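Across the two complexes that follow, chain A remains constant while its partner is chain B and subsequently chain C.
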Partner chain A sequence: MVKEATVNGKKVETNSPPTGMQVIFREFSKDKLAMFSLISLVVVIIGVFIWAWFIDQETLMRVSLRDKYAAPGEKFFLGADQGGKDILGQLVIGAKNSIRIAIAITLITGVFGIIVGLVCGYFGGWIDNMFMRIIDFFITIPSLMIIIVFVTIVPKYTVNTFILIMSLFLWTSTARLVRSKALSESRRDYVNASKTMGTPGILIIFKEIMPNLSSILIVELTLNFAGNVGIETGLSYLGFGLPPQTPSLGTLISYANNPLVLQDKWWVWLPASIFILLMMLGINYVGQALRRSADAKQRLG
Partner chain B sequence: MWKTIIRRILIMIPQLFVLSLLIFIMAKQMPGDPFTGMITPETDPARVEELREKAGLNDPWYEQYVNWIVNAAQGDLGKSYTYKIQVSTLIGERALNTFWLSLVSVILLYLIAIPLGVLAGRYQETFLDKIVVLYSFVTYAIPTFVLALIFLFLFGYQLHWFPTVGSVDIKYDPGTFGYLWSKLYHMLLPAITTALLGTTSVIQYLRSEVIDAKSLDYVRTARSKGIPVSKVYSRHIFRNSLLPIAAFLGFTITGLLGGSIFIETIFGYPGMGQLFISSLSSRDYSVITALVMLYGFLALLGSLLSDIIMSIVDPRIRIE
Partner chain C sequence: MNSTEQLLSINNLHTGFRIKDTYFDAVDGVSISLKRNEILAIVGESGCGKSTLATSIIGLHDHNKTRVEGEIIYKGINLAKLDEEKFNKVRGEEIGMIFQDPLSALNPLMRIGHQIEEGLAFHTKMTKEQRDKRVLELLTQVGISNPARIAKQFPHQLSGGMRQRVIIAIAISCKPNIIIADEPTTALDVTIQAQILDLLKDLQAETGAGIVLITHDLGVVAEVADRVAVMYAGQIIEEATVEGLFTNPLHPYTRSLFNSIPQMNSENEKLQVIQGIVPSLINLPRTGCRFSTRIPWISEGMHEENPTMHEVSPGHLVRCTCWQHFHFESEEGGITR
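So, the complex of A and B:
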């Protein structure tokens, strides 16, 4: 990286290693497939949100028996489902809901996991011990089953309850990763130097250690996002995800539980499956490119 | 060695205790009790109340909890409302099906993963390696239920290569060869799906292990003694890389159990995962509680198994 600096009134060119966003940008410009995945993901996500804004849910959800299982054609681009409802419209609304909820869960678990991880890694001692026991417990229990049971017994079940239930069980892996990184980071010289200068612990954690872990955190959040899309659509597929009035991609795929639909009416469930498949591949690919740029040994550029 | 194992088991006890408490509280939150299903318009409410009293449902919660644990430890998990048989009998049948499916899946998983991992590591940076890396990336990214549905659609309904539902063809009698073959045949597609999706961690681990081993002294010594390359790979490197893979076994089993919910539901395979989902739809709470407890116990057992194998294989991680 060539930079210009002024020394004694003269302009000099200096070389400094690329940092932060520059590294990520260089990695993506070296890996064309990752660049393509990133751009198409952004376009698809923004597109889905804008399109969903134009769709009138009332008209979309109106049952019209005349169009029951209408094949793809002029009236419905991707055909219609059991109630004669447009699949394409449901796909867009479902994608919007799935993405929005996955983002919400990722942010909640991310913030909580990062704070717990940083605090445990920096302070150690009994706080660390306590949280590690809790995390160990969460990791060994069959969380998928317990989430499902929670979903069935919670009274007045809404999207927000679903997000909270999922977050309750999914923050632990982030916390564990961040803790191990913060633990090694807090033994570095710059942290010790800062300590001797009397900087309060909170400031060291959030202003000094966290920026140094930022690349790892970005990778973790991206991969978590992919994982959360998978879990949410999976649960909705089983019928224990989003409430029925909020269609998800998983809801659309769950129509395939009827063998007749699975066999003959591919347009009902296949588009949503392929959408999830491509989206998961895209997010994970971007996540891997980010991971490479976070690790100096693996960088392409 | 024994110290480590005993220590590890001692850690498991509080975890089991907290898990059982959590499940007990959840079970209490579930609407209804074993007598709700028996109530008909002719039932005398006083009689139901009497039965409840007798079954201990009016006792304080800690007494109920102790009773529940003591009964569960003796194998008495209550009665299923829908099937009207003992939960332990019901789960026993299904558990056997899940066990066989998991066994076939694990065997297939290692059959796919071990050669791919070793070959990718041996021919690093070649076309073959790139294909294996791509494969392990794709299978890592695909959600279980999407691939399972697509496979069922493609190989079950379109190509008719595999049966689409059940665990055995009813036309065969138990004990015959045809019966066994039919069982295996029904397991094959779900097992292949599970195996394909589970290979990523084993492949990646084995690949990097082989790449690291290439430049180690013992490999160079073996080569300089004149041992052919293929023998160095099959005898020296493979053996050293395989031991840590054994330690994954426990985690693999735990992972399979979680995935079995999706796989069994989609392929209509009558195992524990499918029982769990169908019990939820019929609100068969005694079965649900027993299944969550069992899965939790198996998951703990899986991680215990992994830790024990790991400490046998690698003495460095033994806790003093």
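So, the complex of A and C:
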């Protein structure tokens, strides 16, 4: 990177290694696939949210038996399902819900996991011990089963309760990763140096240790996001996802359980499947490019 | 303030590390004091407890794994018993620390100016503009010629000597009364080393702070220190003024240290070494003269049973009586081996 700096009033070109965003930008410009994925992801996510704004969910979900399994055509661009409901509309709303849930879960688990991990790694001792045993407990129990039980027993079950239930079980891996990194980072000399200046622990954690872990955090959150998109879809597919009147990608795919639909009515399940496949691939490519830029040994450029 | 004012007095300090539920003292009954305007050097080989002593003074130990007992009296407060919150007020403002490795002691993601400013923000009520001004002053004070540019740079853009200057600037930012320098020149090359030592001396002359200089380099001691304490296996075994120690080293360990400095013009081409190693914490015999295992040719009876510090001449203290009978092995009957 050639930069211009002013020394004693004169302009001088100085060489400095690329930092932060420059590294990420260079990594993406070297990896065309990741760049394409990033652009299309941003376009799709924004597009889905805007499009969903214009769709009236009640009209969309109204059953119209005359249009049962209508093939793609003039009235329904991507056909209709067994209730005569527009597939395209359900696809858009379902995608919006999946993405929204994934973002919410990623943020909640991310914030909680990062805070717990940093505090455990920095302070150690009984705080660390206590949280690690709690995390051990969460990891050993079969979370999918428990989530399904929760979903069935929670009254007035909405998208928000779903997000909270999922977050309850998914913060642990982030916390463990962040803890291990914070543990090694807080034994560094610069942390000690900051302590000798009388900096309070909480400020050292968030102003010194966290910025030094930022690359790992970004990667972890991106890859978590990819995983979380799949979670809602998977549970809806099993029938334990969102409330039945809410359109969902998982519900669309689960129609393929009917052999008749699977063989003859491809338009019901294929678009949702392809959408999920492409989206998860895209997020993963972006995440991997971010991971490479966080690790100098793996960088492409 | 007069120059003989007692700044820091350490009485019978024990700092122990926990190994499997037992505490082993790495600093074992150290008593020493630091006066204003004084550079006190603490010398010893690796693993003798120098750095542990330093970190005990500034309270950097992990409380779960260490035990600090005894007294570290500063302004009438016992630092060894202070809790974290009160200690944070003392650290930085009253005691500053300079670290050994200038690269790892700076946060790689923070601009230099910001790192120096940090301490000021906690301990003073300066406004942002005043702090920025003070940062530039400090950088100039430690001999950086273009402070405005350096303040905006990141640590990796500076050379080792520059970084050490920045670390010194951080340590003196709040005008502390005590500066602890833990091997400040070990990671630097010799020319930079001399510059940094000069800088430390100048700063001390300006501020009147007391400096605890921890080093294993006797050359550094001769250059800057006023008083020297030689440590071996967690204890101070000799304490004297620099002149006193360099003209008349008494304890066998001190003499061995001087003897092992390589000399160009010596007839014997072999390097003089001290036999054996510092015993590890667990295996350290807690009674008797701790150096006796490394001078086996001095018979048992020459050592004291419980060695204490003896004042040989005013201000010159030495532990154990074995120094009166000590001679180098080679002096005994020609060169052995």
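The working rule: the second predicted complex is superposed on the first by the 301 of 301 C-alpha atoms of A that agree within 3 Å, B and C clash if a C-alpha of one lies under 4 Å from a C-alpha of the other, contacts with A are read in each partner's own complex, and residues count from 1 in each chain.
By our rule, contacts are C-beta pairs under 8 Å (C-beta built on N, C-alpha and C of every residue); 3 or more make two chains touch, one makes a residue touch a chain.
Everything numeric in this text was worked out from a predicted model, so none of it was measured.
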item: Overlay on chain A: chain C relative to chain B, clash or fit; value: fit
item: Contacts of A:Tyr190 with chain B and chain C, given as first, second, both or neither; value: second
item: Partner chain in contact with A:Leu33 - chain B first, chain C second, else both or neither; value: neither
item: Chain B versus chain C as contact partner of A:Ile127, first or second or both or neither; value: neither
item: First, second, both or neither for A:Pro211, with chain B first and chain C second; value: second
item: First, second, both or neither for A:Thr199, with chain B first and chain C second; value: second
item: Partner chain in contact with A:Val43 - chain B first, chain C second, else both or neither; value: neither
item: Comparing the two partners chain B and chain C, which touches a greater set of residues in chain A; value: B
item: Nearest Cα pair across chain B and chain C, whole Å; value: 11
item: Footprint overlap on chain A, where chain B in one structure and chain C in the other make contact; value: none
item: Chain B residues within the chain A interface of the complex; value: 15, 18-19, 22, 26, 29-31, 137-138, 140-146, 149-150, 152-153, 157, 164-165, 257-258, 261-262, 265, 276-277, 280-281, 288, 291-292, 295-296, 299-300, 303
item: Residue ranges of chain A in contact with chain B within the complex; value: 136-137, 140-142, 144-146, 148-150, 152-153, 226, 230, 233-234, 237-240, 253, 256, 259, 262-263, 266, 269-270, 273, 276-277, 280-281, 283-285, 288
item: Chain C partner contacts - residues on chain A that touch it in the complex; value: 5, 7-8, 16-17, 19, 124-125, 188-190, 192-201, 208, 211-212, 214
item: Contacting residues of chain C [partner chain A, same complex]; value: 58, 60, 62-64, 84, 87-93, 95-97, 99-101, 104-110, 118-119, 122-123, 146, 149, 154, 156-157, 167, 170-171, 173-174
